[in-house]
Amino acid sequence: MHKGRLEAFSDGVLAIIITIMVLELKAPHSAELSALKPLLPVLLSYILSFVYLGIYWNNHHHMFQATDHIGGAVLWANLHLLFWLSLFPFVTDWMGENHFATWPTALYGGVLFMAAMAYWNLQRVIIAQQGCDSILAKAVGKDLKGKLSPVLYAAAIAGAFVHGLIAQALYVLVALMWLVPDRRIERLLAAKKETHPNRADSAGP
Amino acid sequence: MHKGRLEAFSDGVLAIIITIMVLELKAPHSAELSALKPLLPVLLSYILSFVYLGIYWNNHHHMFQATDHIGGAVLWANLHLLFWLSLFPFVTDWMGENHFATWPTALYGGVLFMAAMAYWNLQRVIIAQQGCDSILAKAVGKDLKGKLSPVLYAAAIAGAFVHGLIAQALYVLVALMWLVPDRRIERLLAAKKETHPNRADSAGP
Amino acid sequence: MHKGRLEAFSDGVLAIIITIMVLELKAPHSAELSALKPLLPVLLSYILSFVYLGIYWNNHHHMFQATDHIGGAVLWANLHLLFWLSLFPFVTDWMGENHFATWPTALYGGVLFMAAMAYWNLQRVIIAQQGCDSILAKAVGKDLKGKLSPVLYAAAIAGAFVHGLIAQALYVLVALMWLVPDRRIERLLAAKKETHPNRADSAGP
Amino acid sequence: MHKGRLEAFSDGVLAIIITIMVLELKAPHSAELSALKPLLPVLLSYILSFVYLGIYWNNHHHMFQATDHIGGAVLWANLHLLFWLSLFPFVTDWMGENHFATWPTALYGGVLFMAAMAYWNLQRVIIAQQGCDSILAKAVGKDLKGKLSPVLYAAAIAGAFVHGLIAQALYVLVALMWLVPDRRIERLLAAKKETHPNRADSAGP
């Protein structure tokens, strides 16, 4: 089975998810600058989700570049990931409209946690099909970021009940952890470029 | 005519249908956990439709992998299928918002039935163009699942007027029937892989 | 310039236009069958627009199959066509919600007219770049359908002020005119297949 | 890394942004022609944004045609551009619904300014990866249009506080500046076609 249509379909779904979130940013009826003030938390939660979906698209892109052929199990593991990502607009909106209140903040973390699990599962299914010597298996390696993220999400969910800012800080921290490029991996990649030209550098958030 | 644009367009439409359904999951104004309770049936009907659209995408993908070139009749048979699938967000929303009441549940089955007919028709048109010896014709074979599904949808529609749960159980049953991989076919495929590398395993739901 | 991205972008826009029209089919709050009755004109106008957009996608597909390379003027002529097509959801909704009243019916015809003009212009720009001996120029030929359509749209707009049904009948007639395959052309195509494998059969509606 | 998926994802996001803007053009309940009158400013701001997004898609298309391979920094610079473009529906709607009032008009210019900066940054990142002798670097050259646009946007923002029409006139002017083809460049391109077949003609608006 070719991976082309799976990539195209995933790109389509991710492009739509990332874009329909902005529909929640409804234009106020007043033309005053002060009318934008209540939209600030909605904008902030939009930016956070935009960055997370960007990270997922990025990592999805890398993972499938290191993947040659795909079986039926991969199709369903991928749809499972897309399902959790499709809940982003809902939780983003609930969190933004309620100014980062406790329960919406915790549920946001819950969806982040489930999406990370779904990504990890997708990675596991692909590696199972390709063997432990595959490019992807080697590239993922110990997958420290992939293991640390769900722990931090769980901590954020618990923290949300102490103070919302604890959870938000952890969400931003995990996003930064994935945004900041890992120089060590890049150096390894450059060194091994001849032997593994498609080496993926990381697992999902 | 190349199949590339037909696949891309279908992927686009399916990606949008699967994603805009989540727009019906509107964030409640209250930040309490209890505010999510009325959304539970909407979420359940979203999950059901997400799985069905996933199955359709999956089978569409397989069917066109076993298809070489396409004529004008295929373009229109495909648009006919997309039309019925485009009604999924409407019936999903009506069923979810009315907590699986009789008429919405029956209409949901009606759209499932018409989509299955449209899929069967698309398959028939492709096989008519390619001949009975084509890969797709052989892969579809007796198409037991494809014939059983509409019967079960009809039973579900009738059952909806006795008790909504009968219909829901049948909708879930048909979805599972398509989700659970058919080991026998997989073994056949593996055996014949050398001669028919693109063999599709099934018709639509 | 490669035509791939222009096709992909057009497919994306058309897929979204065709799908967001269904968002106007809002699920009623009541679960009774009678609650669907007011939606019937909305559904009918949705079906009409779905068929028209299907015809446009189909013809766009054919036209670019007979096109090799594209210049900047084609990009803008294509965006101009997409602009008029993007107004379909608005006029479809206005016409459906007002039960095919005079002004919405006339405006619907106006957008059909402008889209046909934009399609005709796009075709003209492509032929101008490729020369009168190009496959597309020959395939379009006298372009009777392409010339008749705007005349019928204009007649429909005038007719809408006499009785709405005159306009609706003309809209359906033009759609059928494009849907029914032209056997004569198909025979010509089959005969000349060896020399012109990508011959497009028609202009836009 | 291949540029195919980045292009496909960008095309998807741009196609969705350009199309969901039309959702703000809500069909009035009345079927009278006069009911369309309040929609005129919404339509005008839609047309302005449609043209701007068309220019961005066009230039994005050209820029990546002159780009061979892409690194991680390009992925994020591209997402950064898409973020600012994703705010177009919001500012377009706010400006249109408030009949080009001061603050919405100024904010519209602010988003145009940030998008131009993001485009300039994306171009810079690509050139940094490819070197100053690359096709793109040469094609961009002094990039007069790219440098003039942000200056005009800034002037428009200031002008909005004097009179809204000053800002609108400048927004239209910049759009025209990018729409009108630069004959001199075209002549250069035609002359150098043999040596640089993929020469891109310009930077972003």
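Which chain is which? They are A, B, C and D, in the order written, and residues in each are numbered from 1.
FYI, contacts are C-beta pairs under 8 Å (C-beta built on N, C-alpha and C of every residue); 3 or more make two chains touch, one makes a residue touch a chain.
Values in this document were obtained by computation on a predicted structure and should not be read as measured data.
K.L.:
Which chain maximises the distance between its CA centroid and that of subunit D?
P.N.:
B
K.L.:
Quick check: superposing subunit A onto subunit D on C-alpha atoms, how many degrees is the rotation, to the nearest 5?
P.N.:
90
K.L.:
Same or different interface residues for subunit C and subunit D, judged by whether over half of the residue numbers are used by both?
P.N.:
different
K.L.:
Using the average of all C-alpha atoms in each chain as its centre, how far is it in Å between subunit C and subunit D?
P.N.:
About 27 Å separates the centre of subunit C from that of subunit D.
K.L.:
Please report how many Å separate the Cα centroid of subunit B from that of subunit D, as a whole number.
P.N.:
38
K.L.:
Check each residue of subunit D and list the ones that touch at least two other chains.
P.N.:
Answer for subunit D, listing residues that touch two or more other chains: 8, 12, 15-16, 20, 23.
K.L.:
Show me the residue ranges of subunit D that touch subunit A in the complex, using the header's touch definition.
P.N.:
On the subunit D side, the touching residues are 1-2, 5-6, 8-9, 12-13, 15-17, 20, 23-24, 72, 75-76, 79, 82-83, 86-87, 89-90, 93-94, 97-98, 101-104, 107.
K.L.:
In the complex, go through subunit D and note every residue touching subunit C.
P.N.:
Touch residues, subunit D against subunit C: 7-8, 11-12, 14-16, 18-20, 22-23, 25, 27-33, 36, 47, 50, 54, 57-58, 61, 65, 179, 181.
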